[in-house]
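See the structures that follow.
One chain, chain A, appears in both complexes that follow, with chain B as partner in the first and chain C in the second.
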Partner chain A sequence: MATRIYNVFIVSKSGGLIYDYDHTSSSGTVHNLEVEKTFGYPLDIRLISENRKMIVEFGARDGIATGHVLISMNGISIEGMSEEQIKEFIQKEENFPLNLKFGRPRLSTNEKIVLASMFYPFFALAVQLSPELGSSGIKELETDTFKLYCNQTLTGVKFIIVAESKISGSSGIESLLDKIYELYADYALKNPFYSLEMPIRADLFDTNLALAIDQIERTGFI
Partner chain B sequence: MSRVGGRSSTDPKKVSGELFSLTYGSLVAQILKDYENVDDVNKQLEKMGYNIGVRLIEDFLARTNSGKCQDFREVSEKVQSAFKMFLNISPTVTSWSATSDEFSLIFDTNPLAEFVELPDHCYNLRYANILAGALRGALEMVHIEIACWFIQDTLKGDNFTELRVKFIRKIEDTIPPGDD
Partner chain C sequence: MTIYNLYIFHENGTLLYYQEWHRRKHTEMSREEEGKLLYGMIFSMKSFVNKLSPSDLKDGFQSFKTSKYRLNFYETASSVKFILNTDTSVTYSLVKDLLKAVYAQVFVEYAVKNPLYKPGDPILSLLFKNKCDHFIKASSFYK
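Up next is the complex of A and B:
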């Protein structure tokens, strides 16, 4: 019955991301696994650098999969280190045995904005492709690991929920989408200091949204 | 299932109508003091109403499961129910034009002007002009451009207050994909 919600996004009518909420970090689910392991010399997995991140290119083992990014070395975060420094460090034999921590890459705010604006034409495309008139656009998008639900209001705002895909029967996602719309109307739009189309930064909205999500996860309805 | 009678059951947002009309009264009085010119006041009230309308429409849509309107008569019904929801008054819809693109909303009393008497120098003041603005703003967000003005007003000695609403055009360019 209980549904797991991963993310909530709100996209304005012009396609900009105006709100995103990551429920995986606050609820501490297993979704963002981090694995720490001690390695001997030479390193038996191959790392490449991409977008200023060290990514596992080949050689999955012990829960470290290709696509994971390096988070820390010997407990020290690699943030702020240059690629050269990291490469040099892992090539020197005297630095081994070495503790490396890997994890699933997190989306940066910029990446989220890019993805949100990519969804917009995709949604429009679905409407154009529709064999019949009056298509609503994408309402659900399903994969092995998650399901995306989208609700577009008459005014063009899109509310998007990313949730667990193994949902049986009525999961209450529909009512959660309605609820988020209500919260948006209340806590974003009725706030006199909020200007339309701009990112929503309102604590009241955050708290009420988190409450609604917790409730849906526990009970399956609002 | 979550909504009971339009508003969700946990919603305590019911306030006294008197408080509302008094607050509005002090707003109008203040603007009148600031601008001194009645025409400017009318304009300001309309503008404020517009800004309220573009936000309030989301509240209306979130709480009623309204679909898209197919004609202007449907619009008039929705407008009527919105007045019921936000101001707890039910204006009568009458005086349709032959082409069905104009109608009037008749208010038996002016909901905002319960305790108001217009002084002589304010004869041109459209006291409840904020309503006209709100209506215009709200409908603009659902891609309907209208013009809206008062043609009768109890404050000016008429028997009732009449708001005329005229359909101008459908706003095409910003229609979100998936609705047409």
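Up next is the complex of A and C:
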């Protein structure tokens, strides 16, 4: 049974992101990425600016959902434009009809680092707020679009896999987590140029990880 | 199968209601502090999940599982949040149906429709407590 893997993260003992593998672009798993539409004046969706991005706040329609960001206007990327420029352009009637392209925001490396360090307190709080004695941290986190699997080693390193949510058994993912730990031990830790807690940059690790992920996606086991 | 405890939060984060059944481990904090901690965790978990998701979310965060328990989360359109801790053998879809029923048949009936209850205040009604207790105990996965 085929499983889709979206992301792999490795988080060090101190909560820093030391490795991330993005599988969403290469496997073509994300389909509703960008939508382009022609709009008349006035605009029937409400945009707000947040973190130097224009975000759809209200008025989802035709594949444009709340939370999507503005990517381009009339085919021209908005990168480099200031908020004021964009707002001014959108408010002028003579600029209409206007072609706007929206899409789900892609995670930047910085945002990935922030998310990785966010997971750390969740993991610790899950232990603290446990109603049962001797609980571990979060092993599985479930949403309607993806599932997150986490394996913490005895040395405190966390291996995190983000995968498709429609999987019945998670045995394949569990073996993939073990496999990644093995690869980490073999290709990162045994590398004489690798220092602990630092980002992993090893070609052998990358290729072997990609192989393992491909295999689990095709066959469902390692 | 076991149900440990239930938390109900208002949209502003106040703990409206807490009840426990088979809870074995308690935190050293007061109930209010524990509620704040849990609410804060769920709040940031929602935004975490929203950013991490490869495609658009409908319900968003549903549950997480550790070696010992599963925390199940259900939120109504008016942002009333229900958190039910069960053991790991219970699936989320079962819990979601139960929490939806608790919302519609207990929360709305005995809290919202109670004229003496002010929205946003902790629920102190004994009738609510009894109904909630019966409801949870009648579920298929309450031991």
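Here is the rule we go by: the second predicted complex is superposed on the first by the 215 of 222 C-alpha atoms of A that agree within 3 Å, B and C clash if a C-alpha of one lies under 4 Å from a C-alpha of the other, contacts with A are read in each partner's own complex, and residues count from 1 in each chain.
Note that contacts are C-beta pairs under 8 Å (C-beta built on N, C-alpha and C of every residue); 3 or more make two chains touch, one makes a residue touch a chain.
Note that the structure is predicted; figures quoted are calculated from it, not measured.
**Student:** On chain A, which partner touches more residues: chain B or chain C?
**Tutor:** Counting contacted residues of chain A, the larger count belongs to C.
**Student:** For A:L196, is the partner it touches chain B (first), chain C (second), both, or none of the two (neither)?
**Tutor:** first
**Student:** For A:P131 in the superposed arrangement: first (chain B), second (chain C), both or neither?
**Tutor:** A:P131 sits against chain C, while chain B stays out of touch.
**Student:** Touch test for A:S175: chain B only (first), chain C only (second), both, or neither?
**Tutor:** first
**Student:** A:F102 contacts which: chain B (first), chain C (second), both, neither?
**Tutor:** neither
**Student:** Given the touch rule stated above, what does A:A65 touch, chain B (first), chain C (second), both, or neither?
**Tutor:** A:A65 sits against chain C, while chain B stays out of touch.
**Student:** Would you sort A:G156 into first (chain B), second (chain C), both or neither based on which partner it touches?
**Tutor:** first
**Student:** Figure out whether A:I222 sits in contact with chain B (first) or chain C (second), or with both, or with neither.
**Tutor:** Only chain B is touched by A:I222; chain C is not.
**Student:** Which positions of chain A sit in both the chain B and the chain C interface?
**Tutor:** Touching chain B and chain C on chain A: residues 126-128, 134-137.
**Student:** Give the list of chain B residues in touch with chain A in this complex.
**Tutor:** Residue list for chain B touching chain A: 1-2, 8, 54-59, 61-63, 66-68, 141-142, 174-180.
**Student:** Contact residues on chain C for chain A in the complex?
**Tutor:** Checking each residue of chain C against chain A gives 4-5, 20, 22-25, 27, 34, 37-38, 41, 44-45, 48-69, 71, 85, 87, 92.
**Student:** For the complex, give me every residue of chain A touching chain B.
**Tutor:** Residues 13, 123-124, 126-128, 134-137, 152-157, 175, 178-179, 181-182, 184-186, 189-190, 196, 221-222 of chain A touch chain B in their complex.
**Student:** So in the complex, the part of chain A that touches chain C is made up of which residues?
**Tutor:** Those residues of chain A that touch chain C are 6-7, 24, 29-32, 65, 67, 104, 107, 111, 115, 118-119, 121-122, 125-146, 148, 162.
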